[in-house]
Each structure stands twice: as C-alpha cells, then as structure tokens.
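First chain A sits with chain B, and in the next complex the same chain sits with chain C.
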Partner chain A sequence: MRTKLVFVALLAFMVSPALSFGAGTVSGKITYTGTPAKQKPIDMSKEPSCAKQHTTPVTTETVVTGANNTLANVVVYISAGAPEESSAPAQAVTFTQKGCQYIPHVLAMHTGQELKVVNADQTSHNIHPLAKINREWNKSQPPGTPPLSEKFDKEEFVPVKCNVHPWMHGYFAVLKTSHYAISADNGTFSLPNLPPGKYTITAWQEDYGTQTQDVTISGSETKNVDFTFKAKPY
Partner chain B sequence: MKSASKRLAANCALMLAMAVSCLAQEAHVGNLTGHATEGKKHYRRYCIGCHGPLGDGNGENAQWIDPKPRDFTAATFKCRSTPTGTLPTDQDLYNSVGRGFTNSNMPHWDALTDQNRIDLVAFIKTFSPRWQAEKAGDPIKVPAEPPVTMESITHGAELFQKMECWKCHGQQGRGDGPSAATLTDSKDNPIRPYNFAAGGDDSRFKCGVTNQDVYRIFMTGLDGTPMPSFADVIQPNDAWDLVHFLRTLQTNRHSRENEVLKAAGGKIPTKAPDANPPAQPENKGSGSGN
Partner chain C sequence: MGKLFAVIVFVIALLSAIPIITHSWFGSGISFALPEDISTHGHAIDDQLSDTMVEAGLSFLAAQFVLAFFVWKFSNRQANAEIKTFPGGAKGLVIAALVLVGTEMLALGILGQKAWATVYFTPAKPDAIQVQAQAGQFAFYFRYPGADGKFGALHPDKIDEGNSNFFGLDPANDVDSRDDIVTGELAIPINREVHLMMHAKDVGHSFYVRELRIQQDFVPGLDLSVHFTATKVGKYEIVCTQLCGLGHYNMKAYLNVLSQEDFDAWMKQKASEQ
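Moving on, here comes the complex of A and B:
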C-alpha cells in the first residue's frame, strides 16, 4: 500500500514538475536604512462612533515598521517571468472599513478578481479609489448596507480614500499575477509554488517606491531575496 | 534587421490607424453628428485658453482659475447620466458645453450653434484612449416624479440624516459640514461642497436646474470630486423624497417644495427622539437600565 502511494507520488512528480512538486520559493525580508518619518496621530473626535473603537492612539500607516528596521505592508510580486494567467482567482478579496480605518491598509488582488468592500462602522463611508489607469469611481456606503462588489481590469497601485473621513488612506495593489505577498510586521514575505525559471521580483512601498531583483529558480529550492529601502525622513 | 523594420512598419500602421480613428472620432446627439476635425477648429478658438492644447486643463489661463479647467485626458467627468466610473454619453457632454458650470469659469456656450457644440464633443473625445476602448455607461433611469407632499419632504429629511449628506453639506445645506473644510478633488485641489442656501430663483446646480438633474447628481455622483454615487444605496422612490427635501434647503428659491413646506407651517417634523434611538440597537435588552 505504502509503496503504491510512493509510486503514485513519484509519478505525479514526474508528470507535473511545474506544479507544487519541485516548485521553488522566493522568500526574504524587507528592511529600511535611515530614519523613517514619524507617523502622524489621527484625531477621530469628529467621528465619535469610530473614536470610541480605539483604546490606543491611532496614527497614519504610510510607513509601518517592526523591530530591527523591518518594513510591513510592502507588496512583493513577480513582475516578469511568471507564465501568463488566463483567469483571476474565483475567491474574492475583502477590504473592510472598521474604526474609520482600512483593513488591510494595503490590499493586493489580481486583475479581474472580485473585490468586496465592507462597512463595519456605524457611519457612512465613501470608497473613492483614485485610479488613473483603471476607472475612477466613488461610491457611498452607509452603515448596514451590503458589501460593494467591484473589480479592476488593469495593473495599477490605486490610492483609496474616504472623503468624509480625510484621514482614511489605503491602497489597492492590482496585479497581473497571483504570485504576490505583503510583508508581515516582521518584514518577511514568501512567494511559493514557483516553477523553475528566471523571475523579476518587485517590491513596492507606498512612500518609498519600487525596487526589483532578478532571481533564477531551478527545481525545488528556496531562494532568499531581501530588499532594503532608504527611509525618507519627511 | 528585417523583423525590426517589419515591426516598425507595423507600429507605424497602428499609429496611423489610431491617428485616423482619432480624427474620425464622431459624436451623436439626435439628428446631429459631430466631427472631431471640425471640433478641433472651434476648440483652438474657444477652449484652448483654459483647457490647453493637450486637453489636460493646463491652458495659459488655468493658473488663474478655480475650480481648475477639466482635464480631458483623464476622461473623468462630473456631469453624467451614467453610473460612477463610466464614460458619459455624447448627450451628457453636449449638455455640459451648452449649460456651462455654475460657480466656475466655464460659461454656457449657447452662442455656438448646435453643430459647433457637437463637433466640440467629438474632438474632446480624442484626448483619451478610453473613448476608443470603452462605451458610455448605461444611463441611470429616472422614474416619473411623484407629487410633492409633506410626507415626501419629511422622508427626504430623514434620508439626508441617514445618508450623512450633512457631513459635507451641513445641516442647513450651506456647504459647511464637519468634513467640508478638508475636501479635495482627485487632483488634490481644494473643493467646496455645494451650498444649497446660496442664491435665489436663479440658483443652479452644477449639472442642471431641474428636479431630474438633482436626482441624477446624487445617483451618479460627480466623478473626480468627493461627491459619491448613491445609486447602490438609495431606492428610486426614496431618491425622489430626497430631491424634494433638498429643494427646501434652497430657502430663497420659489419652488413647489417650499410652497408645500410653508403651507404645513414651515417646519419639517422630526421624529420624537424616543421613536428613533441613535443607532445602538445592540444595547437593547442588555438590562443595564441606562
């Protein structure tokens, strides 16, 4: 029985080397040098229903750092070398407005993938993606209304804002690939399931811009790719 | 080498085709057909000073103007009959050219002939490739207006609260709500919410003067500005109630709405606070006795 299983596994490995078997991983850490600008405190007193949801002071999230100079909320993705993807993932991604903040602050999605926008607050928000390549739209979402369903057709980093609550800022990272990751609080990221090949990895931070590195994956190896951004003091 | 020259030839053919299709851009309203080649001549005479030779709103007068002239290269327009994020119809653009924009430097171009204006619309559509790739959105349907009644106005006033229109427009519609001072348009220029109370019988909205226009403004949203679309969250009948209430904010303007309101004593009844607790249903039955 066991030999049979091993045989089947071996067969699968040989038949589909480009699938999960024998696939490589790119992982690494995002850090910064220098001193990042101090995040500004957010005064939500004009919106008491949101202010009371926060027990600790809320700040802007333009640059989110962790211990040992790590950077969170950096979008890392395969910008070249990945095979063309014919369709977007069927699963929707969700963007939640809670406590007059965007959760997550940076949301990555595939072109054409369904985006659900949820208002979990007791106040009206307007969702206003300031798209330049995609279409700019602006919709009101009063409390208790069902999630909005939208999608973006073209690759773009779209700033999102709520005009009613001017401190609310976020980003949609619309990508042509499903090989993407957002760096965690400790700055780490991982791009698994990469078939052998030569790739360009791009890292994007909303204030610091983009960086790229080339990497070659041969077989089921894990390549380490780190990015270091130069912090802007202002 | 051969393939490079072939590619060059292909690119040239593509560019030529695009240039030709740009110049062949048309616009249609009723029996009128506008031609971009004709519109270009009028544009250079009447529009270029503000909207600029590239149509990006950076004409030589633009630095003196607030609000800024429209950037046609973005193909984002305030006054549409179509849903937010979609292109306006030719009729929408044609109406805008003829109507002008109140509280701005854009005059109403009724000195131009109908043919001049539709030619201009065709030319404006050459500034963005979106006009080649996309069709105009499907216009939002405006159902027949129900009669103006005190019930309708009262319900509209409730919607004004529920939708939080007052956050920007203020409780009296004077454009002085708590968020008003922070508003910027999509190009980060400061922008003011509409002041309903300003002006008298001559007061106009940015996108028209009729009740249908008011209905359309909040259902489509004014793209490129903080004014969002409410099409997904306001039902058609409710929308008419909101229109009737908004008219009463124009206190110095003679209207059916203001007559009905005056006949009812001039005050919109507000529900007793007990009947409408301020949105904390989860506190009910908690037994705290608060």
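Moving on, here comes the complex of A and C:
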C-alpha cells in the first residue's frame, strides 16, 4: 500500500510540471446578438413543498443571459485535438433535484464518469434522461432515497426530464474529454491545462446549437476565443 | 343461534344507514357530508344524490329488516325441522319487487336526466369565458386566448415542456398564439360562465372539482367540454380521478375563483409574464 502511494506521489510530481509549465489556456466569452426568447414562468402550485422554496418567480432556463448580452450555461469543450484520455475522472458529478428544478441546469461529465442524482426535495421525482445514443433509462426517486448512481458510455447531449413534474428540464453533456467548461453568468469560460497543439473548440447551447473554432496553442500562452450566437425571439 | 344472526343483520343494517342518514339530513360540517357547493348547477346534483340516497337507503333498510324478521321467525336448526314455504308461493312477490325496483330506477333516471342535461347537453352561452384545459402526465395546464380572443393552433410536434410549451404552440409562425396565456392554475371570475374545452395530451385523465360538482374525463383524441358558473370566491383543488400512471396521486391543480377585479388583475399579470 505504502509503495503504491509513494509511486503515485512520485508520478504526480513528475507529471505536474508538464501540466503547469508547458500548458496553455483557452478562455473567452459567450455572447448573443438579437433578441432571445422571453423565458416562461414556471407554475409549481401543484407541488407546494417545491413552490414554497422559491421566493422569486421561477422561469424556464432554455436561454440564460447576463448583462451585456452574455450567455450562461453554454458548454465549451475540445471536440478534436485533445490528448487521448485512458479513463474517466474518479470524482463523481452531482445532479441535484431541489425546489423541483435541476441544479445545475446543464451538467457536463466525462464518458464513463460516475453521475450521482440527488433528490433534495420532499416529493418524489422520476428522472428520465432522453438518451438516443446511450441507453435510455428512467428512475423513480422518492424523498429520502440515497443518491442514484449512473454513467453514460458514449458522447451525447442528453435532454433530461422528470416524469412527475413536466416543467423540470435539464441537460447532460456527456463528453469524451475532461477539457470542458460551462459558461458562467457573465458568459466567461476557461479551458486550462492544454498542452501545445491544434484544437477544435466547440460551444453548445441547448436552443441555438453548436459552433466551432480552431485554435493553436504553443507553450503556456492563453488564447482568447469568443463565440457569438444568434438569438431568436421565438 | 338463528335469532342471534337475525339481530346481527338488523344491527348491521342500522349501522350502514348512519352515513346515509347523516349525509341526507345534517348537511355540511360532518365527515360524511358533501363539501360546500359553489356552482349554479350543483344543487340539482345534490338533490338528485339525496333522492337516490333516501330511496336506495329506505329500500335497503326495508329489505334487511324483512330478512332479519324472517331469520328470527323461521330459523330452526333441529334435525326434524320442517321446511316451510312462503304462503301462496313467491312468484307474485318477485314480480311485485321487480316492478317496484324497476319503477324506482326509471324514476331516478328520468329525474336525474334534468341534473345531467343542464351541464352536458346544453351549449355554453356565447359570452362564456373560453378556457382550454390540457391534461398530461402528471399536471394540468390551462390556456386563455389572450387579448385577441383567439386560440393559436396546436402543433403536437412543437410540444416542448422544458420550454413551458405544454400545448405545442408555434409563436414564430402563428400570430394568434403569441398572446395566448398558459398557466398551471385555473383562475376564473365569480358568477361568470366558464366554457372549459378539454384535451388530453397522452392518456385518459379526469377533471374533478368536488365543490363544483363536476367530474369529466379527458379522452385522448376527443374534444370534450363542460361549462359551469362558480358562485363563491376561493381556492379549490382540481384532481385527476382517472388512474393515469406513476404520478397520478400527485396530479392536481387549483381552481382559483376570483372577484372580477382580481381576475382582471390576475389576467394582466399572467399576460405580462408570457
């Protein structure tokens, strides 16, 4: 056991300079032009235990915007050129059902990575990822149930719905790379730790689709890559 | 033993009459009573229910008492007991009972037609408020035509629940649908007739409001409708009473009966949110 630990520590020590010194970063901002659709109110009155958790009106999250036309919840990832990854990260990602909403609305994960689904509500949920490439499943989760553990094997953007609460909606972005980011409320994202090379960066928005840009990283530079989506009012 | 059984039959009959009697004569406020009626047509249904309860209840009690009496009088477990027959044969009595029960059923049916027909066989008034109700697993959604008074067309392929497009509207191409108001609660003004057009998205559901005395199934593929007038401000539960799947127990919405001013304000608020 101890030799194993020492070996891992040694390996980490050897690998870390490669990551921190020879690594570049792609960062940028996601914005939109035009008028995005007005988000619709969500009426949760039929589920009082959820409704009372919200003091401000809840709306759909198909398009989440920030100040200065920025877009949140956009998945930015390296779709080509990334180094081969032999295994998924050991750390699980968590998808929480709280206040009859999915938190986060868009969850990115690696193929094969453990996904934990938590029901933090006092009501039953029935999570149903509408996978087309992966195996489709749906699982009921009464309040107090321990987290469900699942994983997806193939790359896919999977819409997620709740079979009990029609308004609940989210997305799983299952990616073959661990180089991904989800744009923040101010539209910014950052993909660090990129070894020198030529990459294709893809940005995906659930309503507006995908955009790609090519970028070449040499050394430990930071390249700026911005994406602009065309918003539609309906 | 036979006499004990007769007493048991008598007692059971009496006990089962309690809910019927309390229901019919004590009105609201006790456990067996119907909830308050808040509709203009509800009294007809309540009267009909009372008539049925009284007639069926009295017939039931009479039948049980006669049974108890016969058990008391004619039970005999001795080995050499003589089998007695009804004096004069049972034929006349059976025919009399059939005629009596048949007449009662027919009378209830004819009287009941009145209560039923006012809701289901008459059209809504032209100035009734038009509301579309859609039932889907496992929630109700309601649609008001908005300022233009016109409902946008429905496109099932456009249904997108994550986007709150529960009805499948197409605002990009269909101008009528742009001001349609979609809500999760059914708000209506007091003392105005409401014409509820019912539409099932997936499987069979039912619209049931106890206080309105209305229960009507949603049937996929059929355009059904009911009309009613609510007479008391308040919030009432709408429940699905047709087993529709896993979340059936949780399928409900609220009927919100508002004063005309409150309804106008509510409508304005909802319109601004769309």
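Descriptive notes on the structure:
One rule holds in what follows: the second predicted complex is superposed on the first by the 216 of 234 C-alpha atoms of A that agree within 3 Å, B and C clash if a C-alpha of one lies under 4 Å from a C-alpha of the other, contacts with A are read in each partner's own complex, and residues count from 1 in each chain.
By definition in this document, a contact is a pair of C-beta atoms (placed from the backbone, for glycine too) under 8 Å apart; a residue touches a chain by one contact, two chains touch by 3 or more.
Just so it is clear, the model here is predicted, and its values are computed rather than measured.
Three-chain overlay on chain A, with chain B and chain C in a clash.
In the superposition on chain A, A:L130 makes contact with chain B only, while chain C stays out of contact range. In the superposed model, A:T62 lies in contact with chain C only, and not with chain B.
In the overlay built on the shared chain, the residue A:K46 is in contact with chain B and with chain C.
In the superposition on chain A, A:P166 makes contact with both chain B and chain C.
Contact with chain B, but none with chain C, is seen for A:Q141 once the two complexes are overlaid on the shared chain.
Of the two partner chains, chain B is the only one that A:Q122 touches; chain C does not reach it.
Of the two partner chains, chain C is the only one touched by A:Y234; chain B is not. For chain C, the stretch among 9-17, 27-35 or 135-143 that collides with chain B in the superposed model is 135-143. In the superposition on chain A, the residues of chain A contacted by chain B and by chain C overlap at 46, 123-124, 126, 140, 163-166.
Interface residues of chain A, counted against chain B in their complex, comprise 46, 49, 122-124, 126-128, 130, 132, 135-143, 145, 148, 163-166. Across the interface of their complex, chain A is touched by residues 74, 76, 84-86, 162-164, 167-168, 178-179, 182-184, 186, 221, 223-233, 279-280 of chain B. For chain C in complex with chain A, the touching residues are 136-140, 161-166, 171-172, 182-185, 246-247, 250-254, 273-274. Listing the residues of chain A that touch chain C in their complex gives 37-38, 40-47, 57, 60, 62, 123-124, 126, 140, 159, 161, 163-167, 169-170, 207, 232-234.
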